[in-house]
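Below you will find the structure I want to go over with you.
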């Protein structure tokens, strides 16, 4: 385990809200074991927002579900450690996890069209979790559900609560999803591509809603997305994932200012900008993400990297801290903007 | 939604109407004369004619049909050639069939639903594979084979159940006695019918549960911290129920007259047997009456199922 | 793909590395994705096909096979005898050879069921597809009549027609076909509807494809698997129905054997041997099992979404 001391310095003795160490998720597939998340570590404090960015197949969704423990049981292996408020979640019993899902950790899912049960009324779906975890009576739960609907910005909440999901638009359904997630006042919210399926015009509203909820409740939030534009303004730190591993991790402003990993650089440069002239060519990153069942040795990005060298193809670079900025981590033999590093595997881990 | 249901209802009534016409035509195509059946040896052309005239059996078919229809719309289904009013006849016999259908479907549901739900907990597990195989075997074993075997074994040789020709609804008994006797007498036939329908319901439900459990909203339900049983019964079952309900509608429709085999072998006097006898003796009124009533029941049952499915799955009428 | 990658970044890879051919093989993802492995049909499937072939063989070649005459009276052997070398399943109460009757019974039952299925399928499927494709008033009218057909108490017609026209194989076939048409129509129409409304059909039409062409070229291939599967299930159903009818004496008249009336005979006769009681019933059961297993496997193969988790 040569990589990944992706911790930021912790005050001695206290524990953070979320501490993930060397999390590894392996799926059994017909072709062999597939390592979707390969030794990821991260920390999160209350009230902090972490953005996780990556292409499809980078492992970001699997990561968020692994942290929560929401993976399908069969054929899945979860290794490593996830400590939530000091409590170990990996290997915890189903009952323990269930008692935490809702009141302490909650998730907002990607596709509002399929995430709501079509045969239950919307208010009922919110009230259900209130009655289960907060032990509210039916009447109080229903009233609280209406209140929550108001808080997420749904007009005529009393009427809407009696509606079925099929009667609501996509944006409204996503607001309902958020209401469900926030209902029991969780301390950690995992938002898995919450706006990907929505119109651009609605996206901003939903994101603002999440921001506000987080601010009011001092919730920690992990925002998973493939859209750099979203994380640029709404996160405290950003983690870039590639092929199941952490490629780069830094406070948001620093990431954009001092990009280190070529992958991140490529991502940034492929984002179209408002300021560009209208006929500017879109730049895409050539190639495709690697096959996670048969991982090539060496850096996973090397086949597509502009600056790849022999070493990159042979040896996977460890995740190290930037000498000048201790909270900026990356895994690259030839980081951008820094003098060529003469690192050997296992050196210079900040811990 | 009301409009949807109203148009359905109108269409269904139209169907009943058309069916009655076809039945009428069909039975009249057959050779033979009801007056011959009833008068037997004393039949002469004149007495035959007289009988016909008295019972609206003369004249062009259209007139005859109209005669019958008019009476029906006033609630009079006419009388059998043997004198009993058709409505009484049907009333008492329908009870037998209705009872068998009710008992068998309840039994089928009581077994199929919990079995399918439990089996979907562990797909491919012992319960799942076992249930699939066993129900499949039931499905492939046509009822009439079972009847022969069971009858021999359980009524003749061992007297566990009342034998053939027992009365499920002895005249003059109170409701609870009726219930008890009918349960005893009709258990075996209901059981046999249930076995076949059980297989269909299990198969449909299990397949649909399998599909539903892969939907996103089930993962969301898990993330709310709900227990597995709660998810299966409260969240997955309802969206999966529509195919089963539709097939229930079909089954009931088929069974109404299809119970004939069961009735015949168990010596029960139900609608099916009555129908066969009536066609044989050219008892037009009875045939028409039964055809009308059974078509009506089929249509009503299907309509009821339609309504129920819109409640079970709101997507159907509201989307 | 590999060449493109190399070409695009040729200018940036330092020359020595390039010359040494260091650019690694493209990850398998870059090659065209291999087809998802098809579920193998399995041993059970082929065993069932084997049994069905046997049955069909027996049915087709019955008169040529070295079995006894099914209607001959074997007075030497006597009634209700158990299995013996001469009479593999013994004799029935009229001293006829049970095995021979079973074999010939196969012939009767299968001829009726297969013919009825073929006719019912042809008519029902064609109407169903046309109806689903044409939509509009034609569809509405046809569906209405088919629904009438479904709700019609079939028993009446069966009895009436068979009594009226007499009982022969042909008549039974016609009656069975007649009543299977509405069911098949409904099923095929539903299957076609889900295809006909898909976008690619609209696309084909917008490119000027004429209706018959669209129907055969685009719709039929999607519906064909359903048709095959439903044919198999219908066949099974009709075998069972024919069995029931002949059980009650409503199919072919004696002495022609068919599975149904043999089962009835065995049930009625108190002295019937176990072989007689079980033989035809088992044949019927196994045939249905085989048929439905084949149908189910094919269905699972054609529609992986419905297969097991």
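Here the chain labels run A, B and C in written order, and each chain numbers its own residues starting at 1.
What we mean here is this: a residue touches a chain if its C-beta (ideal position, glycine included) is under 8 Å from a C-beta of that chain, and two chains touch if they have at least 3 such contacts.
Keep in mind it's a predicted model, so treat the numbers as computed, not measured.
Novice: Write down the pair of chains with the top C-beta contact pair count.
Specialist: B-C
Novice: Most central chain by CA mean?
Specialist: C
Novice: Give the label of the chain whose average Cα location is farthest from that of chain B.
Specialist: Measuring from the centre of chain B, the most distant chain centre belongs to A.
Novice: For chain B and chain C, what's the span in angstrom between their mean Cα positions?
Specialist: 26
Novice: Any idea how many Å lie between the Cα centroids of chain A and chain B?
Specialist: Using C-alpha averages as centres, the distance is 56 Å.
Novice: How far is the middle of chain A from the middle of chain C, if each middle is the mean of its Cα atoms, in Å?
Specialist: Computed from C-alpha means, the inter-chain centre distance equals 50 Å.
Novice: Give me the residue numbers in chain A that touch at least two other chains, ranges are fine.
Specialist: none
Novice: Identify all positions of chain C at which a residue touches two or more other chains, and write them in rising order.
Specialist: none
Novice: Hey, what residues on chain B touch two or more of the other chains?
Specialist: none
Novice: Could you pull out which chain C residues touch chain B in their complex?
Specialist: 144, 147-148, 150-157, 159-160, 163-164, 236, 240, 243-244, 247-248, 260, 263-264, 266-267, 277, 281, 284-285, 288-289, 292-293, 305-306, 308-309
Novice: Where on chain B is chain C touching in the complex?
Specialist: Of all residues in chain B, those touching chain C are 11, 14-16, 18-19, 22-23, 26-27, 29-31, 123-124, 136-137, 139-145, 148-149, 151-152, 207, 210-211, 213-214, 253, 256-258, 260-261, 264, 272, 275-276, 279-280, 287, 290-291, 294-295, 298-299, 302.
Novice: Note which residues of chain A are touching chain B in the complex, please.
Specialist: Residue positions touching the partner: 68, 70, 97-103, 106-107, 109, 111, 114-120, 128-129, 132-133, 164, 166-167, 177, 180.
Novice: Over in the complex, which chain B residues touch chain A? Could you list them?
Specialist: Residues in contact with chain A: 215-217, 219-227, 235, 238-239, 312-315, 318-319.
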